[in-house]
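Paired with chain B in one complex and with chain C in the other, chain A is shared by the two complexes that follow.
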Partner chain A sequence: MFSQTVKCTVLVLLVAFAAAGPAYCKTFERLQPEITPNYQPDISGTEAGLWMVFNKAEESLKTSPNRLKDPELDHYLKTVICKLSEKFCPEIRVYVMRMPYFNANMAPNGVMQVWTGLLLRVNNEAQLATVLGHEMGHYLRRHSLKSFEDLKHKSVLYTFLSLGIEGALAAGGINPDLGYAAMDMNRVLTYASLFAFSRNQEREADKYGIQLLNNTQLSLEQAPVIWGNLIAEEKSAQHEKKHRSIFFATHPAPKERLANLKEYVQELSEEDGSSGHDNLNAGKYWKYVGPHLPMLLEDEINLNQFGRTLYVLRNLLDNNIEPGIVRYYMGELYRRRNKKGDIQLAIQNYLQAIDNNNCPAEAHRSLGLLYYKNGDRASARKEFQKYLDHKPDASDHEMIQFYISSLSGDSK
Partner chain B sequence: MDSFTRTGGTVRISGSGNILYAARLSGLLIIILLATGCATTKSFSSISNLRPTDKELKIVLMPLDVQLSILTAGGTLEPQAQWTRDAKRNMVDALDEIGKERSNDFIVYKEPEQLDASARKILEIERLHRAVGQAILFHKYVVPLPTKKNAFDWTLGPEVSVLRKKTHADYALFIHVQDSYSSAGRIFMQVLAAGLGMGIRGGRQAGFTSLVDLTTGNIVWFNYINNPAGDLRTPEPAMKTVKLLLKGLPE
Partner chain C sequence: MKRLLLISVMVFLSSCAHYTVVKTGKQTIGSMTVMPSHEWNRVPAGASLGGLPTWTADGVSLDTVTFFADVKDGNTLIKPEKKDDQYPVFQANMLPTELVDVFESTLAKAYQAKISRSGKLTPLMVDNRPGFQYTFEFVTPDELTRKGYIAGVIKDDHLQMIFYQATKLYYFDHQFQNVRNMVKSMTIN
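Up next is the complex of A and B:
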């Protein structure tokens, strides 16, 4: 407290000397939750109606084929949520969905979805907590309800506008009722998803997220890092317009966001001297996410978005995450793109993969294929054999065996 | 038409919607089917008698897939939890009474607190029914499929046997209803539009019921209702709606 006052005074003095104009010391103004723990909305209100719809949706989520069912990972995510807010964590239900894009979302009834594409792009627990805290911010400030109320008012205007369209339809002999095909429950749902949260709500959630992160021992400095990485990933995919990130399609002004986050972190650090906020917990994070890494990378690579995927893979290598696995997928990335020089790059990556632990047996198969392509029959045969040695029950065993036998004879 | 509902499901947002993506089609189909006028039902049946033998017959009532909403001035549907709760209670009471009149045969499926493997399967079957029901609505009532001209051969597949094992029932009855009520603002808009010589729809009841053979999974009877009146919030009109939903159910 004392140090903060001193700092402020110094700053005020400096600014006062330096220039005319108002001088102030910005402090972090804390947001308050709009709900109490175990909150249940009044059954006669709008909010209860929204909860009803989302409670039903949660039932579908539970048995969704897209759900990644890993109780240990679920439990880990929950412990991170509890670090962020002990008070509210019991009522938040988290579901990991196998969706290879950077996203998480929060329903008004406390259901949180975390997508696998997000897990792949987060380097440690501190970054994960940043995103989870952001989502909890939406929940604690009841953003869904506010969006819905806002929408109701907007749609009145829409109806006035559509009266004109309807007149035209009727004049053209088309039953205006068909024009209402769009109006029903699906509209509520569509609106709920498409309008989602406003820019201001995103800002507020960012701020709340940092505030919650400050409750933990995790590094606040990691909060801007994740958004910085996303901006960089976006840049690396500039030539792949069709692969525009969903995240950026819906969350405006990433640079502004990054600046805001840095400011919040600065304010909070000044407040308590940033003591005790230096944990990254990367090891812990990868202990639970790591077992899924091959699947996450497989899904990522199948999106066929070279620049973006290359960025993600490099980021993993920079953080020294499973080079045996990551190098293999980098090899796959080059092999599948197959531009000039890519074969050589692919081979280099496979060889590096093999030098590391946990390299998938498929690295030998891919190497075999590329050697075969290059006309190096002896090496190809050797790699195919290694593949089968490492994976005797491979589903393509017969085919690879056929390759080996056709390579065994004298060169034709 | 507005541009929002036409945007496909590819846009995923840090909001709350994508988990509900699958539900989108249902309302659309029901609305296409709506025509003005009084309550109508239309049913299809591939059997006339549920009891070919003398043995006791059991029909399991699946959890009611019902939602009541306010139709706001702007045409947004605002789901109502209390109304929905009351409606379900009224419908269950009505079904109970009708079951007694039918001398038998209705039993109620209750989802267990802890979902075991078969309860999960049953949840999936409920969702499958919703999807198949929508397909029937669309292809039997709106755009007929050339291959299904005279046939009524929709099925949920033999996996429904899990429901038979769990409940010992011969058939399952699924009921899906969307029921909306105009708000004061909506009524104002309707009057205003009428003054301009146009029609804006008010709240209405639309739904479908199907009877599924739990040995084969075949939908042996299907009924669609469209009712611009009706009120599920109070017992007596709720009974009327339930009777419409079950109109033509084979004995």
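Up next is the complex of A and C:
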């Protein structure tokens, strides 16, 4: 068995021979944690103050109405964290928050938030572990503290420069147009510097995340897939949102992340000589996330961002996740968008949903609504009745009865 | 920063200067007329949902009644703040179930609200026409669980709708009967 050094040397020699020029074989340079297990900050320092603030915030998180309270899902997320780092996992507390956007974050005291929009966009445990590992990277490298100190230093410099410019303006020692331009420039440079610092931390967290993922038996190849999906989702939503979100100001561009992650995966695979870590654990992931799928999709659809949501739904279908539920929501999306041809697509999706297990009874209600409006009274009545048969205690049963009776009245 | 300062000043000025009393008796909002049985406070446009006519009894963070008067076919319920904000559109041939979809999606976007799935939708006669009413719960970014109630009707292709919301704890029940009485008194010209 060749060692990594021998393999690299051979590769360098081969490439150098072929190209008659310099060649490099990159090895994965491991990052080290900047804290020890059960780390507690020095009580007299800034970090202790930050921890105090976040400890208080954690108390609010515990009882937040936005928290998705599911002990089994929490426990599952914790087991994935423990796979990534057995040593540090006891001190990480994870909270799932009902936020329909792709995000997770990590506080300096070990509190991790995972948003439901992220759970909807992750296909399996390997992808989940990539994100959780990334967040742990922030924690282990004390990024919150460094960001806070960076912000503090740059705020002081910003204030100092602003006062200088304002002083010069007040004294008439500077052309006002030039002064205001200098103020704007000062502000822009400060923001740019803060965002650049944040992006560097994200790059480091990406690398640490992959390093932690390599401790597990989960597939490294899944790490770049998340960013590939995010790029595709952004493309599908381009006509809906002209401005890029703050996520892209503070994070490296997904294309860069995709390239970096692929490079790390390559380096680690060569190092281990193994592509043996190929577990996805998709079934396990959906066992815990699946029960929340209707709520996650309901929140997603309410955002009224059809291109983006359509991409998410297609991704779920491609991965054969709950087609009965996903087809129903695809029908909902087309019904609500209601562009030319959408109603027919909605009907097709509802019918496909009904052919699958776990289809929500609401598919019959939605079919009823569409038939009602198309003037197909008999089919509308039939579908409304099926909805009530499946869900006799539905919270809108009086309204559905009203529809049925008005349809009966019309047909007399 | 300048924009933030401007908004802060506007909110401050509006919060101090432009709340006015809504007297009992006949009140007209667009084509809609209601008869409140007690006094309310008229919220300045800058502090209300989408700048819509809004009243409050105990303060906007605790309870509000918002009037969606004369919403035309093809329009959104509230005017988007940004050009590329995509709000759902009202269509005059919508059934109450669809109106609830439009309303919930509007609320989710405007308030960043998470809607409870336990909404109750029932028929309601409004000004002698078949309308609807819907009760539900939602959570706002201030971490408060709120209860909401909408009641409305489509007349001459225009939606006329009242939206009452208040904190689930105490305030919703405090004004709910008054709001329902106001809905009963609703007439459309």
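Structural remarks
Keep this in mind: the second predicted complex is superposed on the first by the 357 of 412 C-alpha atoms of A that agree within 3 Å, B and C clash if a C-alpha of one lies under 4 Å from a C-alpha of the other, contacts with A are read in each partner's own complex, and residues count from 1 in each chain.
In this section, a residue touches a chain if its C-beta (ideal position, glycine included) is under 8 Å from a C-beta of that chain, and two chains touch if they have at least 3 such contacts.
On a predicted model such as this, the values are computed, not experimentally measured, just so you know.
In the superposition on chain A, contact is made by A:Pro108 with chain B only, not with chain C.
By the touch criterion stated above, A:Phe402 is placed in contact with chain C alone, chain B being left untouched.
Ranked by how many residues of chain A each touches, chain B and chain C are led by B.
Shared-chain residue A:Leu369: touches chain C; no touch with chain B.
When the two complexes are overlaid on their common chain A, residue A:Ser60 makes contact with chain B and with chain C alike. Residues 60, 187 of chain A are contacted both by chain B in one complex and by chain C in the other. In the complex of the two chains, the chain A residues touching chain C come out as 60, 64-66, 98, 187, 240-243, 295, 298-299, 301-306, 336, 338, 365, 369, 372-373, 395-396, 398-399, 402-403, 406. Only residues 1, 83-84, 86-88, 91, 93, 95-98, 101, 104-105, 108-109, 114-115, 117-123, 130, 132, 139, 143-145 of chain C touch chain A when the two sit together in their complex. Against chain B, in their complex, chain A makes its touches with residues 41, 43-44, 46, 48-54, 57-63, 99, 101, 103-108, 111, 113, 135, 138, 144, 147-148, 151-159, 162-163, 165-167, 170, 176-197, 202, 246-247, 249-251.
On the side of chain B, the complex with chain A involves touching residues 1-2, 4-7, 11-28, 30-32, 34-36, 67, 69, 72-82, 84-85, 115, 120, 123-124, 127, 178, 180, 185, 189, 192-193, 196-201.
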